[in-house]
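Letters A, B, C and D mark the chains in the order given here, with residues in each chain numbered from 1 onward.
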Amino acid sequence: MENLIALLIAAPLLGAAVLLCGGRRLDAVGHWIGTVLAAVSFVFGAILFVDLLGKDAEHRTLTQHLFSWIPVEGFQADVAFRLDQLSMTFVLLITGVGSLIHLYSVGYMEHDERRRRFFGYLNLFLAAMLLLVLADNYLLLYVGWEGVGLASYLLIGFWQHKPSAATAAKKAFLVNRVGDMGLSIAIMIMFTTFGTFAFGPLLGTHEEPGLVGETSEGTLTAIGLMLLLAACGKSAQVPLQSWLGDAMEGPTPVSALIHAATMVTAGVYLIVRSGAIFNAAPDAQLLVTIVGAVTLLFGAIVGCAKDDIKKALAGSTMSQIGYMVLAAGLGPIGYVFAIMHLVTHGFFKAGLFLGAGSVMHGMNDEVDMRKYGGLRKYMPVTFITFGLGYLAIIGFPGLSGFFSKDKIIEAAFAKGGTEGWILGGCALLGAAITAYYMTRVMVLTFFGEKRWQPDEHGHEPHPHESPSSMTIPMILLAFGSVFAGGLFSVGDRFLHWLEPITGHDHGDAPISAATVTASTVAVMVIGVTAAYLQYGRRPVPVVAPRGSLLTRAARRDLLQDDFNHVVLVRGGEHLTRSLVYIDHTLVDGVVNGTAASVGGLSGRLRKLQNGFARSYAVSMFGGAALLVAATLLMRAV
Amino acid sequence: MSAQLAAYSTSTGEAFQFWVLGTVAVIGALGTVFMKKAVHSALCLAGTMIVLAVFYLANGAYFLGVVQIVVYTGAIMMLFLFVVMLVGVTAADSLKETIKGQRWLALLCGLGFGILLFAGIGNASLTEFNGLAQANANGNVEGLAALLFTKYVFAFEITGALLITAAVGAMVLTHRERTERARTQRELAEQRVREGKNVPPLPAPGVYARHNAVDIAGLLPDGTPSELTVSKTLRERGQIRDVSTEALNDLKALEQRAEERLERTAVEPANLKRAEEASK
Amino acid sequence: MSFPLLTATAVLPAIGAVATAAVPAARRTAAKWLALLFSLATLAFAVAILVRFDPDGDRYQLTESHSWIKEFGVRYDLGVDGIAVALIALTAVLIPFIILAGWHDADPLETGSKRWRPTQGFFALILAVEAMVILSFEATDVFLFYIFFEAMLIPMYFLIGGFGDRAHEHGEEVASTQRSYAAVKFLLYNLVGGLIMLAAVIGLYVVAGSFSLPEIAEARANGSLDMVTSTERWLFLGFFFAFAVKAPLWPLHTWLPNAMGEATAPVAVLITAVVDKVGTFAMLRFCLGLFPEASKWATPAVLVLALISIIYGALLAVGQRDIKRLVAYASISHFGFIIMGIFAMTSQGQSGATLYMVNHGISTAALMLVAGFLISRRGSRLIADYGGVQKVAPVLAGTFLIGGLATLSLPGLAPFVSEFLVLVGTYASYPVVGIIATFGIVLAALYTLVLYQRTMTGPVKPEVSAMPDLRVRELAVVAPLVVLLIFLGVYPKPVTDIVNPAVEQTMSDVQKKDPQPEVEAAK
Amino acid sequence: MNPVNYIYLAALLFTIGATGVLIRRNAIVVFMCVELMLNACNLSLVAFSRMHGNLDGQIIAFFTMVVAAAEVVVGLAIIVSLFRSRHSASVDDASLMKL
């Protein structure tokens, strides 16, 4: 049964290889190969899942050791996989949502002549993401970690002829690299401290603890901070969040799969997986929660201001992941709920993105929400699925988002002390804003009168429902976003499923769960009504009004990019230019200077050879005199 | 002075002679170096050499003394004078230094070298000296001959070979092989016509001349001297005596005397003009 | 007396060089095939060495020893350890690709230029370089090594100065003057290094009374030969200087960008992927082997220089406008990593460094050769002259991207393994250095992706619109390299198995132990 | 008087001659100065032979004269031919050793 794990990864990897090396002759069937292999991987995942369910809770960890990867003395890195409840959850999410989005892309990318390559990249991403969650040691995880980075680079920049896309791709990779730096430093510290970086011996299980316990808290804090840095990079948390917005340059399925459902949540996976380390390093944990809280507000605010539907959703993604990170930072109180929200979010956010994609598909790639309006009667399926996703994300009671988010807010309060109150407050505020901007999106897109007009080529967009290959995945995801939450939390199924890995404790909630739930619903209602009053009652200007200072700042991602541009980009340019100059003049100049001086000296010496016999004679005579002097001295001595 | 005397002692007489003639020798040497004209240098050198010859005699080297006078002062210095005559006085004679710093370096080296030599001789212990008494017992020349034809015979032969080689070498160097036929009068004339300069033969020296020395340029009808009339060598040496002015004065004087004798009035300007035209 | 495999491996390309040069000018193509044939035969011999070499055997294997100059005890001693074997294999693998890639580089210029381009000479010189490089990897006699270390410069000088890209943009004269400048600069730098080393070599003989590396090292180990500290340090500096010039270490690096910029892409690969490796290899074998104490004494300074090289090289790469110069500065940065790994004095660091030499050779070859194909199509080295190539020549762009990703050491490709080993090894003994060096990987991503973005993506420039994709010959060059990159990235064990024992030997030479993990130390 | 004075005199003459060689440009004069130096040497030789009481010194002096004669012959010949070719007897004009 263990051997299936490798096949899990092998299937999409094979797909990627075949599609990328296959050449044009595969253009006709390429997309189906990709989709089928993704589905196969999902089937394997399902089989393994059933198998795990068969075992009792304590023995649900499968490991597979393939071969020794980098053996150098003490440094032993193996290619080994570890499948436990945590990675199982991810496997199902990745392969499931992944397959659906493959299916969706078949329709969405129909008119792109490079569709084969697109599916190749998607498969590559699946393989890398699976490797990330299945790796049995941090170094192998790092491989997957950068692998998904590469895939996202390729997919964001898929339409490379657009300079904006190419730039966005580069930006995403670079910002991620900064995070990766953190991860690799963390691995170095682990190796020098513990002599290993494999999960098993390092983290241990909750009955017999790993090596982690045997070192100072300072070291662990250092490791924790480095891991947090990595998580920030990958999960677009402040201060490394700037790439996510631009990443929307990629095709919509990519945004749905990578930048909403799976890859961006890898950071959360990393933190939860390294729980043992964070539990022992409270300072690092605190910082995690702070980052989470800041990001969830940051993203929400940005989401309110964007008129580009995908950018708005991107902001919301950022903020939702903020919730997860916040939860993960709470330690055993929050781990489970972080993952739970991650899964439900995977469903409804993917659904929302696919809906957005379907809308753009019908509006010949118009992304400005102010040019939509009243689309509900033109594309009903999209409207319904999108709507369900919307209700899920704002936490409408009974839908999946409600359960997961509510639990997180509870956990935040349960952290206890002032921190608890602050974090909880932030989470609540975030919930309100979420409701506000999602309602805004919903209203602008599907309600009100139609606001679209002919584009520069003069042909009027005539919205239409997307083909079934696109609608089916949307419908399935809608189901997920409706029922997943209930399925998980009724009887705490999900809790019991994950507990053996993450551990759980209830913390000490200062206020009862019921109060939290009530307040959550209350703020949700407030947010919705506010948005409705602002956008539903009054006609919406096609051109965005100048807006308040905050709005303008939020449109520019709260000036984060400007900061980067001024400080990093400009500064970097000047630095490199001056260095190039220095290298040419100073370093090289010294050498050339020496050469020149030698030449000059010899030229001057050359003058002594004036060719006059008499001056030669003088030197001879002088030499004779010196000889005499020498002999005399000899005799004198 | 006699052989015995020279043999083992230095009489006050010799001392006196040394100081006097030594001074002469040094002066001669300095003259050789600092005289402007090569001829004078040669004469100074000759003087020095004679003094040296005397010193040889005083040191009991009678044969060398004689040879010094005969060969050096006689033959070699004559050779020098011949060459000086051939080459003549050149611009090289001027004592003005052309190479920068050469003179000062030279004097510095010379001074240093001299001082060093003197120092060397100073600490050399040259006090004891045994005269040439028994060496010259049966005649200085015999003594030399004995050595020369026994001990140094080989060197002697070699020297002979050297002399012959030198003689041959001198001939080879000075004898110039004519590579092309000498040009005939006709060819020279034709070339002059072709080049169009000096088409008539060069003017002879002494036109309107009062002197017949070769170093005086002949005068043209207008009384200016013509360089062409003087030999090339003199021209290169810049040894031309210009007498044009005095010649003109003589001419005036002549005319005046003629007037007085013939009681004529002054010549009309017209004639003068014509005369000038004719002279042009 | 068994078959002298090492000599044969080195002599074969030498013979090839002579034979190729002897081919009459009219039979140009024949000469090319001959050269390729010989390089492949050499590869076969190198494989034989790999097979015959026993990683767990004695330190130097397949040894050959003949007396040469009795008066000075100079001997013709050959022998290989794991490190040498790996590098010989690298050389033998790369040369055929270099020859194949430079197939048309030395053809006579059709565009009216009168400059004579001896095609045979080009390939003959390449083979000559191969012979000398292999010998310098094999020599265990310091003097013998020195000879080939220096002689290498002569053919390299002609390769750099004699053959350049077809200069369409700026006139042929300009190009050739820049070229000769680069060649002379290369020669001067390395000669100066070599001369200083020669002094050190002689000094070593005076001190140790022998040129034989194993003897001296052995004598050092058992204390029968102890040098005065100052003497040892001076000698070390003499050797190290030469190697630092060869494997350009800041601030002795400035010859590399000129040389790589002006030479044709294959020659540039020859320089950075093959010849420069002799420098780093020699640091590992001679500096550490002969002067362990001095090496330890110099470690902090060397590490600082290496660190500067890493960051500085990367930053300058970002600032370049010329594709080849960019790659050159990237190489400088990578050599910084190699040297850092060597002097980290941990087995991870040194194994990583050795592995890095191999991987960097392959990755740079991949990137640079593809860049060369690109340049040969457009006739310009300026990044600004390209754009949107990806659309017209996707395969070219793809291979270029893979080469670039290898350069930024993406996990899954070979360079990642070595780079991470170097970093870990360095961190284990010098944490601060390790952490600062980690910034290098961000900068690497920056210059690689900027290069890719400016040349390959964006709207298609009219000049490149007609650009053909990779031809079969070019694909035959790139594809195997890419396969190697991926294979060694996923399964580097074969190489590490060969390298590790040798590294252990070196570690024992310098009497260093890997730092124990804190936890174990605590127990 | 101590005959060592002869040696001093010889040294003095030699030095003067040498200096002359260096500062004169006329080849002939230069030659004369060379002769002067040779003569100085001869003087010292003669004086030495007197001191040591044997004739070898004089023999050497004799040889010196012969050699000097030969040298003068050849040297003057050279000067003459030089003057023929370039109409100057200045040693500075023969400065083709310049690079």
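The definition used in the following text is that a residue touches a chain if its C-beta (ideal position, glycine included) is under 8 Å from a C-beta of that chain, and two chains touch if they have at least 3 such contacts.
These numbers come from a predicted model, not from an experiment.
Chains making contact with chain B as well as with chain D: A. Of all chains shown, C has the CA centroid lying nearest to the centroid of every protein CA atom. Between the Cα centres of chain A and chain B there is a gap of 106 Å.
Computed centre separation for the pair chain B/chain C is 77 angstrom, with centres defined by C-alpha atoms.
Averaged C-alpha coordinates put the centre of chain A at 99 Å from the centre of chain D. Centre-to-centre spacing of chain A and chain C amounts to 37 Å, using the average Cα coordinate of each chain. Across the assembly, chain D contributes 18, 22-23, 25, 91-92 as residues in contact with two or more other chains. Contact with two or more other chains is made by residues 99, 102, 105-106, 109-110, 113, 117 of chain B. Touching of two or more other chains is recorded for residues 610, 612, 614, 618, 621 of chain A.
Chain pairs that touch, as defined above: A-B, A-C, A-D, B-D. Remark: chain D residues 18, 21-23, 25, 91-92, 94-99 touch chain A in the complex.
Touching chain B in their complex are the following residues of chain A: 610, 612, 614-615, 618, 621-622, 624-625, 628-629, 631-632, 635-636. Contact residues of chain D toward chain B in the complex are 1-9, 11-20, 22-29, 31-33, 35-36, 39, 42-43, 46-47, 49-56, 58-59, 61-63, 65-74, 76-81, 83-84, 87-93.
Chain C contributes residues 188-189, 250-251, 253-254, 312, 315-316, 318-320, 347-348, 351-352, 388, 390-391, 398, 405, 410-412, 416-417, 420-421, 423-424, 427-428, 431, 434-435, 438-439, 441-442, 445-446, 449-450, 453, 456-460, 490-493, 496-497, 500, 504, 514-520, 522 to its touches with chain A in the complex. Looking at the complex, you find that chain B touches chain A at residues 99, 102, 105-106, 109-110, 112-113, 116-117, 119-120, 123.
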